[in-house]
Structures are given as structure tokens and as C-alpha cells.
Amino acid sequence: MSALLALERIGKSFGGLTALSDISFSVNPGEIVGVIGPNGAGKTTLFNVITALFPPTEGSVVFDGEAIAGLPPHAVARRGIGRTFQNVRLFADMTVEENVMVGRHCRTRAGALRGVLRTRGEREEERGIRQRSRELLDLVGLPGACSGQAAGSLPYGHQRRLEIARALAADPRLLLLDEPAAGMNEAETKEVSGLIRKVRDLGMTILLIEHDMSLVMKACDRVVVFNFGRKIAEGPPSAIREDPGVIEAYLGSAEGAADA
Amino acid sequence: MEWINPYHLQVASFVLINVILGTSIYVTLSTGQLSLGNAGFMSIGAYAAALLATKYALPIPVGVAAGALLAGAAGALVGIPSLRLSGVYLAIATLGFGEVIRAVAINWESLTGGAVGIAAIPQMGRVVLAGARDLGFSPASLGLKPNQFISLTVFLILLVAAVLTVAFFLRLGRSRVGRAYAAIRLDERAAEASGIPVTYYKVLAFSQGAMVSGLAGALYAHATSFISPADFTYHRAVEILVFAVFGGSGHILGPAFGAAFLTVVPEALRAISHYRYILYGVLVVLVVIYRPQGVIDPPLLRRMRGDRAAEAA
Amino acid sequence: MFLEQLINGVTLGSIYAIVALGYTLVFGVLDIINMAHGEIFMFGAFVGMLLVSKAGVPLPVAFLGAIAVTGAMGFLLERAALRPLRSRPGASNLASLISTIGVSILLENAAHRIFGAGNHPFETPFAEIRFPVGPVNVYLVQVLILLISLLLMAGLALWLSRTRGGKALRATAEDLTTAGLLGVDTDRMITVTVVIASAMGGVAGVLIGMAFNYINNQIGLSMGLKGLAIIIFGGMGSVYGAMAGGLILGLSETFVVAYGSSGYRDAIAFVIIIGVLLVRPQGLFGQAAPGTGH
């Protein structure tokens, strides 16, 4: 089985600061892989490199057998990598439904003229977008009643779900989730965990950053551990839990982060 | 038909041209870009239309379309810098562009008539009247004096143009492209990550805004039959901006309202008109501080619609 | 003749530099373009004109009068149009650009109402005094303009690099939030900056009057646009960029007029703007690329 995403010796530095060095690992189709590590370990930087928000200083990102370095972010999204952000980035003034509809952008075609003339094809496409958006809102567990509400007015937990729905709208093959359970209570975290597995069962591959250990241990097939911009361990959750290096780096240095 | 007052119609015509101009700045703003070059694009449309009509005797609709398209093309060219510029830099660069265009208009005398400008541009009302007379029609049969007929014709043509322009962007706003514009304005990075080619849409919006400015300019030329570089100064660009800031740039009806309100009120209240621009200045500062989204914003429109729905129920 | 043009160019350029410094100081600290700066120094020019031509006071008094008025205007501008936006979360720097445009419309038209349209002669008693320096005749006015500009620039550079106030200002320019955390009263620093920038505008206004022998309510706009061109050319927020950019623009305008066409003189600034933004958006002395960040 060939990997869906392969990171080959990724390095990233900002000025003189090294954020990532020599990161290599891969994600296989259908897997849920967790990225853990203390705050500042470079996890979000890795996501930003994968989604081309900025280019790696070294190494290459191979997605589905092709190097995607040098592509602009929207093209990476089009290739099939979707993401959410650590500090939820919704289009706050748009409605909940419109947020998901925006996510559908790269799978639809109607240009300005067709949009204004409302040709038959365009109307059909819009209907499709709307229907798909409703399905996705349903999937992530957002009540249909809130679809006309401004996204910024949703409670925090719902905003996180909405962001996942928006990412799913682009039909990604790989979904990057940046702390999907941050700021959630135990019950909500459980729901998110269930949602992640549900999404995987639909055929998606997931790479997620998470501080909540219970979620990582339950949901992930494999875990990659970062510290100071380097990968210090990789393996199934049960092995990671026992790894003395991980325990020291992770629990020893950042207890605060671990229970965050 | 005494109530048809050419002066009122003329004011109304300027309102309509300003509504189109307000729309032009709205379109670029709807992707979060501020253009201070719309007076420049307006002059491209105006000069192109005027020259095609006076030097090549082309029919007015052809000249107007050509003027708008040319301005749109110039917009695409100038819009490319928006690939790398943002915020205040783009605003200043477009301001500079407008001034360069004006300098060219003043100095390329053989083509543009220099500082004097171009006179005797076919006035659309007169052209329609002449055409109608050729067909044996007399405005008197409608009970209209010729000058009433001319003003009315200009007004109606501009009304159609303004309504079509606003309707175009109203519909665009509710389409896939409109959602992409709004997404870019609200969060460029999230828009990118959602698969929206940000650069493409920014240039598209910029070019559309320029095209609409050019359309307004071309119509202006054929409504007033006289243009000169003084019509397209920095002050015009700022006036267009004021329409959008005052009226609100969150919804297309905002700039349209701003243009209409700020054109009509000074005309209606002569006492004010002396202090018109001073008031503009005060208004802008007050609006930016106390109602940064402008007078009209989507929640207000929703409330108004809600009230109407509630009354109907 | 080349040497004369060189002197004219340097004179004009030093005025441009002073104008540009007003913009760049405010941008350096606040990251906003004060579009009202042109109108503020236009008022400075009018105050200077009234004092010199109408009241007949000596030139230094006129400078002081202009400085007092424009400094006060800067203070009011900061309080009325900038500070209210700072306290509001999420206000972009476009908002302050627009609010200062509002102030500029207000001031330009207020000047129109107060002083009327058209040119007002700006008569200095020594306008015609000139003396030979080598092969060329130099006007006393030119020497004065150059001296005053140089003094002002040197003073500013010294103040920024040597004094506590100047260092606090630079810290504020570096990073507003951090400076605040370090105990710098940033609100006060911002007020000081805007007042100093505006007071320099007062000097610039009087210099413009001296150089051109007339003023009108449009000089704020025409000279202000050039100031903007210069700071984009020199790098936004860069003090030395403003000085160098001013000289370069003054010289190129003078030589284009002398050896080319006068009609395009005012377009040079904007060709520069567009060219620089396309080729080197951070400007001559700028560092960060403007397309990113903020």
C-alpha cells in the first residue's frame, strides 16, 4: 500500500529560528494519525507547510505520489487536502450554510457570468452545493435550524464542527484537524472523537493535532510525537504511552500542555 | 406634463451615475481591496467613449461598451499589483494610477484635447430625439417639450444602466463567485485553505470595479456632452469612496444609498450645498468611528425585511 | 544650466523630504497613512502667509506661528480621528486611512471657505535677493530653505537617536504592544508623534510658500501626493528613506522640466510609486514586504 501523504525530511526555519527539522513520516489511506507534542513543538507549522501556507525550507511533501511543494494553497486544497485551524477561522459574517458552501468552491465551476444569468446548469450546481452543505451540516451534527445564523454567533463547539463541515465540502482525501477538541468538555470531546471516526469510515484519511490524550489514544491508529521541531517517536498509541522518551519530553516538560 | 422638470431630471441623472460609481468601489471592496483609482478608470471609459463618438462617429452603445471594456482591461493590468500589495499600499498605488491617467489626459493634447477636454460629444438624449424625429415622432405628441424629452430620455437610459449594474452585482453576490469574494474579504487565509484562488478573484473584482467605473464614465460623457481632466481628479475618487463609506460597503445597496443620499441632499438643501464637502469630511470621520460598517449593513436590511414580513403576517 | 538646476532640484527636494518626514513618522509608529497631513501643512502655509505678508512679522515668528497651529491641529486629529479607532478592536488600518481622508476633505474645504480659492502671494522681504556663487546666481531664499530643512532633519535624527523621548518613540514604532508592556505610555507617544509630524508640516508649509511665492488650498493635495510617493519610494516608516526619496524626487522633477516636458512633472511621482511597488514593494530603505502581514 502506498502512502497518501509522505513527508520527506521536512525542515522549516523562520529567520534564524528552526521550527521544524528533518521531519519524515507518512500517512496511509484510511488511517487516523495523531500528532502530539508540547506547545511550540512545531505541529501547526507542519500543517502550514503541508497546506502550502508557507513553503518548507527543506524536504518535500508528497501527496498521492506527487510532490506538491510550490503549489499555491488553493491548488493544494483542490488536490484533496482540507484543514481546520487551531483558532477556528470561519467566515464570521456569513451564515452557517454559506460557510460550508464556500468550502464547495473548488469542486464547482460556475463563473461570474453564469452566476449572474442563473443559467440552468448554474442553478443545478447551486442546488447541488446547497444539498451537499445540508448533508455535511447534518453529518457533523449541526442542527438544521442554525443554518441561516451568522457563523460567528454559534457557540464555540459548534464553530469547530462547522469548520470541519466546511473542510469536508471540498471532498478532501486527507483532512488535517488542528486541535479539534480544544476548549471542549468531556462529553463534547467524545462526540468529536465519534465524528472523526465517522469521517474516516466515509473513506477519508485524517491527520490530527491534539492535546487531549484520551481522544488521541482512542481515535488514532498511529501517533507521531514532536518535540522542539523534531520527531521523537512514532508508533501505535499503546506503544507511545509506554515510550520513556515520550513520557519524559512530553509529561516532564509540559504538564500544563498535556492536560490543556 | 409641466411637472417634468429638466433640472430635477438632471439631478436624478447624476444620482444614477453616482450610484454606478458607488457600485464600482463596492465591487473591489467586496474582496477587501480599497481602490482610490476609480476616477482614473472612469476617465478611461469617458475618453474612450467620447473619442469613438467624436472622431470615428461610432454609435453611442458601441462606444460605451468599448469604454467600459477598456477600463476593465486597464483594471486587470493595474489589478496585477494586488497580487503583492495589500491594504494601504494598494490604495496609494491606485491613487497614483489615477493621477498618472490624469496627467496623460492633460498632456496628450492631440488626442484628448488637453486640459480643455472634449466638447460636443453626442448627448444621448439629443441623439434619441433626432432618431425619433427621423421616424416621424414628435415629443409634442406625448405632451413634452424637446428639452423635457431629452432630459427624460437621459434619465431613463441611466436608470436602466444603474438598475442593471446593481442587479448584476446583487446576483453575483449570491452566487458562487460572490461567496468567494466575501470569503476573501472576511479571511483570506481561510479562503485559500478552502480552495479559493484568492489572487484570481482579487484581480477579477478589481477589473470588474474598473469596468463599472468606465461604464459610469462613458455614460457621463454622453450625458453631459463635455468632459475634461477636471472631472476625474482625486476628489472624484474620494467622493466615490465617501459614497461607500457613508452608505456602507457590506451590501451593494449601501454605496447606492450613499451615492443617492449624498447627491440629493446638498441639491435639495441649498444652504447646505456651500458646506457640502466640509460636511462630507465630518460625515466620513463620524461614520468611520461610530458606524464603521456604514449606514446600510446586512443586519439592518434583514431587520427591515423581517419587519415587512412581520407586517405581512 | 546644469548647476542652477541642481540647486533648484536640491531646494525642492529638501522641501519634499520635510513633507515626506511628516508622513513617515506617523506611519512608522502607527502603521497608518495620515491622509490629512497635506491639508495640515497647507494650513501651516496659510498661517505663515498671513503672518508674513499681511501682518508683516519677521520670518522666524511666522514659522513659530505655523508650528503652533499645525501642532495643535495634529493634536486634534489624533484625538478626534485616530484615537477612537485605536480603542476599537478589529478596526483595520484602512479605517484610519479613510477617517484621515475625511479630515482632509474637511480641512481642504474649510480652507476654501476661510481663505477663498485661487493663489495667495507669499511675499518674503528678501524674495529677490541673490548672490553669485561661482558661475551661478543663488537666491537667498534657496539657501534659507536648504538650511532650515537640513537643521530640521538633523534635529530629528538627533532626537530619535539620542534622547529618551526619541528612543521611546522608536520603541513604539518597533512594536506598539511590547513598548506598552515595557512601560512606554504609547498613547502619549502616539500623540507626540502626530503633533511633531504636524508641526514639521507647519515648517514645510512655510517653506513651500517661500519657495513658490504663492500658495492655495490645493497645495496640501498636490504636495501631499508627492509626499506619499516619496515614502513609498523610500520605504514606509523609514526616516532616511524619506530624506533620500525627497531629494531624488526633487532632482528628477527639476531635470525633467528643464530638459523635457513640464506637463508630466507631477506624474513622475506616481510613475515612481507604481514602478517601486511593482519592483521593490518595500521601497528603497524598507525591510518588510508590504503584501504580507498585518
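Letters A, B and C mark the chains as written, and numbering starts fresh at 1 in each.
Quick note on the criterion: a contact is a pair of C-beta atoms (placed from the backbone, for glycine too) under 8 Å apart; a residue touches a chain by one contact, two chains touch by 3 or more.
Quick caveat: nothing in here was measured; it's all calculated off a predicted structure.
Common neighbours of chain A and chain C, listed by label, are B. At the centre of the protein atoms shown, by the Cα-centroid criterion, sits B. The leading chain pair by number of C-beta pairs in contact is B-C.
The chain with its Cα centroid farthest from the Cα centroid of chain B is A.
Here the spacing of chain A and chain C, counted between their Cα centres, is 49 Å. Chain A and chain B, compared by their mean Cα positions, are separated by 43 Å.
Distance between chain centres (mean CA atoms), chain B to chain C: 32 Å. Residue positions of chain C touching 2 or more other chains: none.
Chain B meets chain A in the complex at residues 168, 171-172, 175-180, 182-183, 186-187, 189-199, 204, 208, 250, 298.
Residue ranges of chain B in contact with chain C, taken from their complex: 34, 81, 83-89, 91-93, 95-97, 99-100, 103-104, 106-107, 234, 238, 241-242, 245, 274-275, 277-278, 280-285, 288-289, 292.
Those residues of chain C lying in contact with chain B across their complex are 32-33, 80-81, 84-85, 88, 91-99, 101-110, 112-113, 221, 225, 228-229, 232, 236, 261, 263-264, 266-267, 269-271, 273-274, 277-278, 281, 289-292, 294. Note for the complex: chain A touches chain B at residues 51, 53, 72-75, 77-78, 82-83, 85, 89-94, 98, 101-103, 105-108, 110-112, 114-116, 118, 122, 125-126, 129, 166-167, 169-170.
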